[in-house]
């Protein structure tokens, strides 16, 4: 991903491309590099932006983002609390899907992450519907009656009661954690708060090498990223 | 999922509930059935609607919907072509995420499926941004410059050239198929049309039974639903 | 699996077969049932015997047996301690591979299991190299300098120090457990006893439905049977 | 794996060890290297030998060897045909389990592989029950009434009729292949020859990183090695 600037060029190990050759052409058209190799210029889409961010911290993959988006059941106009912000990749995906009248409230205690995330989210064009908060979510969530709480934290179970307070009845909580002990602790915290429909699962994505007569799953794969824990808020009896 | 009607009741093998007991209460509150069992009433969210539809035809699972949504890179305002409509579950999910100014053009050749799907999509509240078409997509796609083409067809490879014509440069094509031969044929068709970034993958979702001291993946699982084939349109040289 | 008896017959929902039609024919030959369906009679092999036993208690599958045999590194003449005996399926497999000069010492505290196992192992023709012991392995292992200890117990970590005492230097310990907490406890016990080369793994076996043009993994699969924990005895410093 | 020689030493990046320090000590005892790091010397077992061989050609993993051994249902005294020999790793495992009165007849057309394999098998102590044949198995199998045929070939389907001729009634055939097209072709050939009990499967082995509070499947894993195709010979009607 790079910015096209008149008079400059883009260098790769397969030759360079003059940006001037791109200007005035449609996205998706092919141009030849100095070494005669075909390149195609695309306008980055939301997946491109987040993949680039993910590269840096290597946490949430498209397969997991997809599950989080579908399980959180967000959509146009949803109000979502996220903690922590991390690289801003998941923030951007959530913002893309609550777009444009919804809102993502994203909590992050490390200021240096927050600044990096702000740049990433802005680049992805999603900043106008994201509220970044340099706060410890363990101290409480400012928002009420939100549609979903999405957690990517080292100790998600400590936040479950705060999530209960912030969620509307029937709202969803989705937590992403690499270790099984995090899942066990979080499920117990959800049960203690009376959440229902509790599910834990893992999504294993497997790339297939496709070539007629030589088709097979790839030899080396990402074997594990994390587990997803999901539940829905049921209101406690008074 | 059921409709609350004054004076009526809802019967289950764990007792019945008078709907009058629900009226005036918040979603997420608990009510006791005639047998003293706690029930929680939720307003259905988009995942509830599609899960209900999926039950009937058992084709696309949440894990696959999530991947399709993220890979197709759709969002607010996107224009998406889908074929075929099937139960309308994936149509509803796509509509939820292009909401409200985008549009899903969904092709289905079997009129009886189309009518069932229309009811499902309407119930999910998504019909105003879906255009259902009782047409064979193999005869051509009416729309131009669409952002994404999503295929759930027996012979997706026969539609690849039509998808090329309908897509904007850089637009995405995502095809979901149960068999590996469909994937091989589709990848070859994509290569022939000059699509780039071609990937095939499978997402294996595994439920975990979580209970401290007894935590383990579930014994019986859905081992396979289908493969996802993905690519992006590069414009052919004139 | 049934015993061929002169003058009798074998009944199935695809018709019956007179045993007299089988007598004098080679294994692997086809005979027609009363309904005209082809049947093939095989002499049971070791896998047939154990599969039949496994059916009853559903614990260790061929995929897991294979791993246990290879990781335990047993062979002709090996002396192996097993606990518990269970149905005798794994006992028979181990006996098959230490055959004929080796020995499997199998501990089981439940007398009713031991009797059932004895019949199963005898039927599989392996009883002459198995020593069945109605003893609690937690009270100690009688044998010394054994090549391998194979555990299929609810609390394998409590036996690790007994296994250390029974094993020769460099001998292998292989434990099979359904839950992740069993694995964590066992790995910690192995570390505490100074075992080396500790590994934990899971083997996911996936059946493929093969038919040209319709090839795909099976929809429903056994998603989990158990984890395998493996290590090798290093002698503690005096 | 190395040979202990009086007066020499073994060098590693964690210091060196004088072989004289090992002589006279039991296998499994710890010795300190020149840098003070603990080392443990083991007598190599059959898995050690084959793992070392596998390293070179990276074809059949312990998980696959285990399945092949169990599905082929071999044991003491079995006569097995193998093609091709490759590195000799699978040959050694098969020989270990037919040991000592059985026999493995191993076909390999590439003389340079056969020589390498002979050294590997000899080192593993299995050569006395292996017959290595520098012959193209497609030209026919010399042996008759064998218990099992094990194939690790690029075109296993071309050998199915030869395997039929070599096998006893009820004998097993097990083929290992990396691609799905090999599996489809092989299953069709098995059906054409009247084999029964045909099954195709894949074994996915997943390493678990075990540490209390941080337990999770490993991030990077071997995602695919190969498929196993299995069947049993039913005698064709005359």
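Details
By letter and in written order, the chains are A, B, C and D; residue numbering begins at 1 in each of them.
In the analysis below, a residue touches a chain if its C-beta (ideal position, glycine included) is under 8 Å from a C-beta of that chain, and two chains touch if they have at least 3 such contacts.
Source: prediction; values computed, not measured.
Looking at the partners of chain A and chain D together, they share no chain.
The minimal number of chain-to-chain contact steps leading from chain B to chain C is 1.
Separating the CA-averaged centres of chain C and chain D is a span of 20 Å.
A separation of 45 Å divides the Cα centre of chain A from that of chain C.
In chain C, the residues touching two or more other chains are 180, 206-207, 212, 215, 217.
The chain pairs satisfying the stated touch condition come to A-B, A-D, B-C, C-D. Only residues 178-181, 206-207, 212-225 of chain C touch chain B when the two sit together in their complex. Those residues of chain C lying in contact with chain D across their complex are 26-30, 40, 42-43, 45-48, 62-63, 65-71, 73, 75-76, 93, 96-97, 99-100, 168-172, 180, 183-184, 187-188, 196, 198-208, 210-212, 215, 217, 227, 232-237.
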